[in-house]
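Letters A, B, C, D and E name the chains as they come in the text, with residue numbers starting at 1 for each one.
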Amino acid sequence: MGVPQKTLPIVFEGVTFAPSGVSLLGPLDFQLNAGQRTVIVGPNGAGKSLLLRLCHGLLKPTAGQIRCGDGAEAKSPEYTAVRQRQAMVFQRPILLRRSVWANALYSLKLRGIPKDQARVETTAALSLFGLEALAKRSARHLSGGEQQRLALARAWVLKPEVLFLDEPTSALDPDATVAVEAAIDQFHANGSKVVMVTHSVSQARRMADECLLLERGQIVKKGPVAEVL
Amino acid sequence: MGDAFAGAAWLVLAGDAVLLGIVQLSLQVSLSAVFFASLLALPVGAAIALYHFPGRGAVIVLLNALMGLPPVVAGLLVYLMLSRAGPLGSLGLLFTPAAMVVVQALLIFPIVAALTRQMVSDLWDEYHEQLTSLGTSRLRAIPTLLWDGRFSLVTTLLAGFGRATAEVGAVLIVGGNIAGVTRVMTTSIALETSKGNLELALALGAILMTLTLLINAMAFGVGELAKRRYE
Amino acid sequence: DDQKFITLASTTSTEHSGLFEFIVPIFQAQTGISVRVVAVGTGQALAIGCNGDADAVLVHAPAAEQQFVADGCGIDRRAVMFNDFVVVGPKDDPAGVLGADTVAEGFERIAQAKAPFASRGDDSGTHKKELLLWADVGIKPTGAWYRELGAGMGAALNTAAAMQAYTLADRATWLSFSNRQGLSIVFQGDQALHNPYSSILVNPNRHPVKVDLARVWHDWLVSEAGQTAISQYQLNGHQLFTPN
Amino acid sequence: MGDAFAGAAWLVLAGDAVLLGIVQLSLQVSLSAVFFASLLALPVGAAIALYHFPGRGAVIVLLNALMGLPPVVAGLLVYLMLSRAGPLGSLGLLFTPAAMVVVQALLIFPIVAALTRQMVSDLWDEYHEQLTSLGTSRLRAIPTLLWDGRFSLVTTLLAGFGRATAEVGAVLIVGGNIAGVTRVMTTSIALETSKGNLELALALGAILMTLTLLINAMAFGVGELAKRRYE
Amino acid sequence: MGVPQKTLPIVFEGVTFAPSGVSLLGPLDFQLNAGQRTVIVGPNGAGKSLLLRLCHGLLKPTAGQIRCGDGAEAKSPEYTAVRQRQAMVFQRPILLRRSVWANALYSLKLRGIPKDQARVETTAALSLFGLEALAKRSARHLSGGEQQRLALARAWVLKPEVLFLDEPTSALDPDATVAVEAAIDQFHANGSKVVMVTHSVSQARRMADECLLLERGQIVKKGPVAEVL
């Protein structure tokens, strides 16, 4: 295991999310463990993206607790440190109004990685996701699939302990999908935790060690993918 | 009118030392004021957009309201501070260009800060979750958003610059419109107006607006070039 | 500062007349001291002096000047020069002020005709003089014809010109004023229209002002050299101020 | 200072007719100016953001530069138009509140239009293709964008309102600061300043700022409520 | 055929698109005919979305001509009228900062459809795409799939002669994908032209009468789907 585990397990205890009174999610009790690739499936509007945001500490639960490996709660300021050891690829990633290169480099600069090292890692990530030729392009002008790859590259360079992926191959062509799935597997092999949302049953079959089926804000099934789907 | 303007334009072109000095002082004072005010107002405006703290709404309202700080009132406040009878009297800044920079910076600060707050808020709505996920602290998000919004923020700075070059109430009180020392374009215009030299006053106004136009054209040109490079 | 200068608080009328532009270089050539003139409303000039932000004042508001000295703000008030006030009004003179023998009569005619009259309304020397003149004829001016502006002399003249109103002006400002439109002098020359200017030193015991340099100016104004300079200042062939 | 302010506040609270009249006129003039200027400036600013036409860059530069139109110059221009000798002299508007509204609207127009242009441009960058596809003409896009950007545009209007309530140079020239007719807060403040009543002037300034604050607080409150409803 | 055909065929003659000197697309010579469902496939960055934008008149070709049935050229102002008889669902749809209902109603209001009729059609479209319960929600808060459905509903109400769909089911759950494909088929059955971009080979097989394979800005294959893929 290349990456030390501190943010896992992520434990949900009676978590609900009801931003304006109406409950969108929960109550949820479950935990995300190290070592497994968890895939979350479910219909549109089930709450999959909200669930990832809660795990990543971007949303605070209305009730209940989310705790992680070293005890930080999603409501607490220490979760910022936890979040720094996670990364997320959003369903609709937001790219900075800068070049592809600057986008990929950005979070490394934030973390104070030395310039030379950051440059090397950025180059590697861009080429892993097939973007090396586009490095100087302005990121906002990329095609849909290219944008999604850049978001993946941007998460990739961070070498997070936990990687949340919200439909990460939805805009990718078949070849790129294969490549990205391979990258994710490599990531998993290095000891990182992968939590992924997908609508593709076949992708879920390929990628899931554990599968969660979410419907109307509730986990209705949980277990090996063959059982759930 | 034509004559007065031709005359005034002639003075500028012929390099009339007095008029050139006035023009130069106007630009120096207003540009310095914009510079110093923005140095603070851009990050402060952005910080108010990003941070949530008790009384944030009140601060936003205050900032918006201070866009309406009357120059005369700002002038009086700074006058009372800098007067020999005031707390900072010993600095001897009253009736100097430095005092004019201070008072104009005071006037511009809320304008730049309030408009920046709004623009950065709008950008933050879009970037919020993504930046947080990437590990950007709110403090670190300030330069990120200012940079990504730089093309729009130019208009904010120009609004501040316009306010500075145009106002007369504040510089009159703290500068005193002393010939050769603190006389700027707007105070000259006001002076000529009260002498009844309306045409000369208008001609000076036209010169001032021409300068303002030039500076705005430069800002626009630089912005367009930079945008093209970015695109 | 290697250049010696003093700050003089004065009124807009003195500044607008161009007097300082003429005499200050002469003074500077003779003494090496330059004079920075801050020209503002009478009250503001005295307030600036009282706060120690000027080293001397030169104004024309006898009552306010006395108060200034009495309050301990200034010392050594000296008469420097004088000119006179004039009544200006529309050329066609609807109130018939042109035929008046005294300024009092002129004012009475204006009030009777309810002809528009623009008052400075700013507590300046000129405004106080105007109020005295009304008081002398026992009229309390009110009504739509009497427009209390709250403006400096120049601004008041601009306004009076545009509304074709009578007003009281000091001669120096009037002579240097360009936007007369249909206005002209309708009355002048009454002894009651005397307009004296005084120089006062700011009290050095209150604030650390440059009293020594200021005194050089103060003395120069009433000296032979200063008085000559004042008498030599002309605008379009008119002498604006008469030295005392 | 405390005394003067207490005195002035007392006048307001005690309902001093003269002071209340001045306050009321100030508000009437500035709010009307903002209203009329914005009625035109919002669509014009949006139109410049949306339409491409020859000289568009020049128009943007001009508008940005006119944010720096000195009030004294605007005042003089309107004075010359409205004076008996001027082209519109027969209207008899000079030295009336109407003239003050006109000149303030002239001052505010470029501010609201230029800032609107910028904000709508930014929104248009996002909406452009989608709206065009839906069949929105550029003309029809103007209200769409103004509506979708309404929460941000409020700050623009407040900048214009601030400019109006604060300026003195323009209303002084075209209004004449006639007691009981065209005297507003800023001209009163300038008057008291020239009288040397600095503390009374500041106290009036404080009253004016209090009013501005109240209006800004109301705008903020309404905006927040509306936003909540929308979200 | 329910909808009269005027905007078809769309004819590309030597069309290239090179916004800043570098050619992104073309030269292209082909035409889109009435009656067929055309599916465009190809790797990320091939130019599929650019191609749809050109057809829809959102981009002007750098060189060459795009003409449509009644002769209007994509460069000309008359194309505005042509565009009004087309609709497009973008890869990343932009929703107005308004309610779901207002979004769906918006383009009907633009076209001056009487209020009652517009209301009826909006209701029908929202329920067709499973959004009736969300009508009052603010559109910007919808989930990814819900946003995509709203974009579909918004195009649907326009009853266009030509419907351009850029990966229209990329964010949809499997059930919704089936429903949307059925809706598209119904649309086709009514005589409208469907031009669709997809990365899903199976979807291309299901939906394509004719398939275009785009690579690096060039049409490398064109024909029945079985041949192309």
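Simple rule for what comes next: a contact is a pair of C-beta atoms (placed from the backbone, for glycine too) under 8 Å apart; a residue touches a chain by one contact, two chains touch by 3 or more.
Quick caveat: nothing in here was measured; it's all calculated off a predicted structure.
Treat each pair of touching chains as one step and give the shortest count from chain D to chain E.
Counted as steps through touching chains, the separation is 1.
Select the chain at the greatest separation from chain E, using centres from the mean of Cα atoms.
It is C whose centre lies farthest from that of chain E.
Centre to centre, using CA atoms, which chain is the farthest one from chain A?
Farthest from chain A by mean C-alpha position: C.
Take the average of all CA coordinates in chain B, do the same for chain C, and state the distance between these two points in whole angstrom.
35
How many angstrom between the C-alpha centroids of chain D and chain A?
Using C-alpha averages as centres, the distance is 49 Å.
Could you put a whole-Å number on the gap between the CA centroids of chain A and chain C?
79
Could you tell me which residues belong to chain E and also touch two or more other chains?
none
What parts of chain B, by residue number, touch at least two of the other chains?
193, 198, 231
Could you tell me which residues belong to chain C and also touch two or more other chains?
40, 152, 155, 158, in rising order.
Chain pairs that touch, all of them, please.
A-B, A-E, B-C, B-D, C-D, D-E
If you look only at chain E, which of its residues touch chain A in the complex?
Answer in residue numbers: 42-45, 48-49, 91-92, 130, 134, 142-146, 149, 166-167, 170-177, 199, 201.
Sort out for me which residues of chain A touch chain B in the complex.
Interface residues on the chain A side: 53, 56, 58, 80, 83-84, 87-88, 90, 93-94, 96-98, 106-107, 110-111, 138, 141, 154, 158.
For chain B, which residues are in contact with chain A within the complex?
126-127, 129-130, 132-137, 140, 144, 148, 230-231
Please give the residue numbers of chain B that touch chain D in the complex, ascending.
It comes out as residues 57, 60-62, 64-73, 76-77, 79-80, 111, 114-115, 117-119, 121-122, 152, 155-156, 158-159, 161-169, 173, 185-186, 189-190, 193, 198, 201-202, 205, 208-209, 212-213, 215-217, 219-220, 224.
What part of chain B is in contact with chain C in the complex they form?
Touch residues, chain B against chain C: 83-86, 89, 94-95, 176-179, 181, 191, 193-198.
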